[in-house]
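The structures come next, written out as structure tokens.
Below are two complexes that have chain A in common, paired first with chain B and then with chain C.
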Partner chain A sequence: MSSTKSVSKKIALIGSHAVGKTSLVSQFIHNKFPEEYLTTIGLKVDKKTVVIDNFQLDMVIWDIAGQDDADNVPHYYLRGCSGIILVTDLSRPNTYKKLKEQASMLKGLIPNVEIVIAANKKDLLTAEEITRVTGEYPLPPDAVTSAKLGEGVEEMFIEMAKKLLAQHDTQGA
Partner chain B sequence: MYLQENEMGGKLKPMQDEQAISQLKELLLSEELKAQEALSDGLADIQKVWQDEHKFHDKLQPHFNDQISDLQERFPELFQEHIVQTIHSQIRESKKEIIDAMYPIVGDLVIRYLKAELETLIRRVDEQQEEWMSWESWKLRFQAMIHGISYREMKLRKSIIGTLEEVFVIEEESGLLMGHHSFNQLADADLISGMLTGIKSFVEHAFNQPEQQLKTLEYENYKILVYDFPDIYVACVVKGGLDQELSSKIQSAVFTFFKEHDLGASTHITAESQLALSQKLTSHFDEFNKVS
Partner chain C sequence: MTLKELKRHLSGPKMQVVVMDRAGKVIDSCDTLFEIRGLRYSVWEVFPFLTSPLNAADELIGTHESHQFYAVELVQEGVSIYCDCELARHPEEEDHLVWLILDQDRIYRELQVIQQERNLYLLRLEQLEAVFSGKSVPPN
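Moving on to the complex of A and B:
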């Protein structure tokens, strides 16, 4: 029987106000959608361990309060991040129209950071609308999710976990 | 036609008086007649509403509702004084009845309270008897004698002095936990490390003074002492009173640990590395709270 290796990684969720960052974390960690909207004040830290291919990843998730512009996210919260999930709202173009600039800014700030783009609130749109709207995204979303229905949420975090483990392997740990 | 004939100087044709008066009335009083008709119609409508109970109710109900809600809103303002006076006078006049009503409840509470206090007293007597015979007690007496103070004062000093509850070694940038020693396993160490780092970063940057560092956080009976090192920081959670002696003792223990172990930021914090550092912390701090 092979022994499980493990590593801890810091992941941050950023995005505009009310795009569903906290709901995504809640759905991923507690399998529930908070019906009442409570704005995040500053920061909330959570943790979830996932095992992929006999490798245990402790994801320490920093849910950072929403900012209308990613430039306004306090950079000191992003220090030491291995992965960043850029959360957008499919029903609000303002939340995704500057994705390219935001991703570029984040890469400049943390050169080796893995970025996953989440297009959340798919439950508000029809399948045709989702295809049309995601086509308008400046960068293609890695995951189309509904925190409310729990659709695509686990897959999105697993996608991030896989990217982090691949990065971990290439860094020769 | 009547006037035309008059102007032409012809002899007036005979007309019926009533018809003439009626025409005259129509000419002179047409406006008043219309007004009278309208008034009459209005009165008939009111009469209909008055006679129809439902319609009358519908018309008046909104006004009653307004009055009721106004009264509800202003009830305390209008009646508070009167109600308070009434209650006061009722209590004054019905002392006996109130005592009769309250006695079974209060009496029961008093009995239960006395019973609980008696049990506590018995327990304390037992504990004191045990304590009197214990090794710790004789040690405290001996220490009190050496320090030239009473046993009671020595015991008080020991009871109010704080204890070290947790030691965290945290990577400064990411806030990831590198190692941890807990005396009482208070909470999830990874979450505390993350939140503590978030708070620390926020405080240090909030006033645009990143070179200044957070040293202490206080929460009711807990204090968190923060010691910064290159790339990492150590957070020690103290429960209870923190005097200069304990503060120096903790600082000294932390700095000794840091000197003895080559600590620095790690690109990969694994379960193995966490466990190894935690074991070192345990062997270094495990005896910390023991009375010397």
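Moving on to the complex of A and C:
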């Protein structure tokens, strides 16, 4: 019989306004898509526990109000972050054109942070458009998602969870 | 009614003070906004927001700094309130933290409406710019 180890990790979602950060969290945690767009003020923190390879991971998810520039997020909000999901909107170039600078700034701020780039709102584009648009991304997205349809959402968070557990193993924490 | 009593009467219902240890065990709470006194487990089980600040408890206890978090949406049993939160070392008990919760729900919900209008306006502007620059953008 194997025993389950438990670990808690903080993950923040960062991105411009209306890219779907709150909807992604809502899909992942409650399997629900809020039909009406309601902007996030400040921050909301949720938790979901996943079990991967006998590891129980408490994902403490910080949904931070949309900022066009990640540098505008108060830096102490990111203190203790193990993972950051940079959320972009496939239909709005303004939300992904500075990805490289944002990822670099975040790596400088939190050296060991795992970053996952999410290209959200795939439901607004055709398969051909998605291929073309993701090709324009300064950094390739790790996940192409639709919070509305629930596509790719669970997979994206699980990918982040696996990265965090791999990092946890490497650090021997 | 003295001015102090009047002040307490007006501001009291909007503020909660919680004293806890560095593991998140509630030592005392006035429970004005959220009922957490007598919790048998860590307060971060109820408010996961506290996980991170309490992980930084050593830093808070070791210094005289405080951490402020604005417009935090706190939810207990389906009821959500927008609050400003401050965490600091207890002025007398070295191993304890004080969590000050200020109910700012009315203000932030009004601000949310304004912010929403601003965001929707910016979205329309982005779409118009895309149209004029010849890039087609699917309706958002």
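Everything below uses one rule, namely that the second predicted complex is superposed on the first by the 173 of 173 C-alpha atoms of A that agree within 3 Å, B and C clash if a C-alpha of one lies under 4 Å from a C-alpha of the other, contacts with A are read in each partner's own complex, and residues count from 1 in each chain.
Quick note on the criterion: a residue touches a chain if its C-beta (ideal position, glycine included) is under 8 Å from a C-beta of that chain, and two chains touch if they have at least 3 such contacts.
Since we're looking at a predicted model, the values are computed, not measured.
In this overlay on chain A, chain B clashes with chain C. Of the two partner chains placed by superposition, chain B and chain C are both touched by A:Y77.
After overlaying the two complexes on the shared chain, residue contacts for A:S8 are found with chain B and with chain C alike.
Contacts of A:A65 after superposition on the shared chain: chain C is touched, whereas chain B is not.
Of the two partner chains, chain C is the only one touched by A:N94; chain B is not. Once chain A of one complex is fitted onto chain A of the other, the partner contacts of A:Q171 are limited to chain B, with no touch recorded for chain C. Legend: residue contacts after superposition of the two complexes on their common chain; A:Q56 is shown touching chain B, with no touch to chain C. In the superposition on chain A, no contact is made by A:K107 with either chain B or chain C. When the shared chain is aligned, chain B and chain C each come close enough to touch A:D46. Across the options 55-63, 145-153 or 181-189, chain B meets chain C in a clash only at 181-189, per the superposition defined above.
In the superposition on the C-alpha atoms of chain A, the part of chain A touched by chain B in one complex and by chain C in the other spans residues 8, 10, 42-43, 45-47, 60, 62, 76-77, 79-80.
Those residues of chain B whose C-beta lies close enough to touch chain A in the complex are 171-177, 188, 190-191, 193-195, 198, 201-202, 204-205, 210, 267-272, 274.
Residues 47-49, 51-52, 55-56, 67, 69-73, 75, 82, 108, 111-112, 115-116, 119-120, 122-123, 126, 130, 135, 137-140 of chain C touch chain A in their complex. On the chain A side of its complex with chain C, the touching residues are 8, 10, 17-18, 37-39, 41-47, 60, 62, 65-66, 76-77, 79-80, 89, 91-94, 121, 124-125, 129. Listed in rising order, the residues of chain A touching chain B in the complex are 5-10, 42-43, 45-47, 56, 58, 60, 62, 74, 76-77, 79-82, 168, 171, 173.
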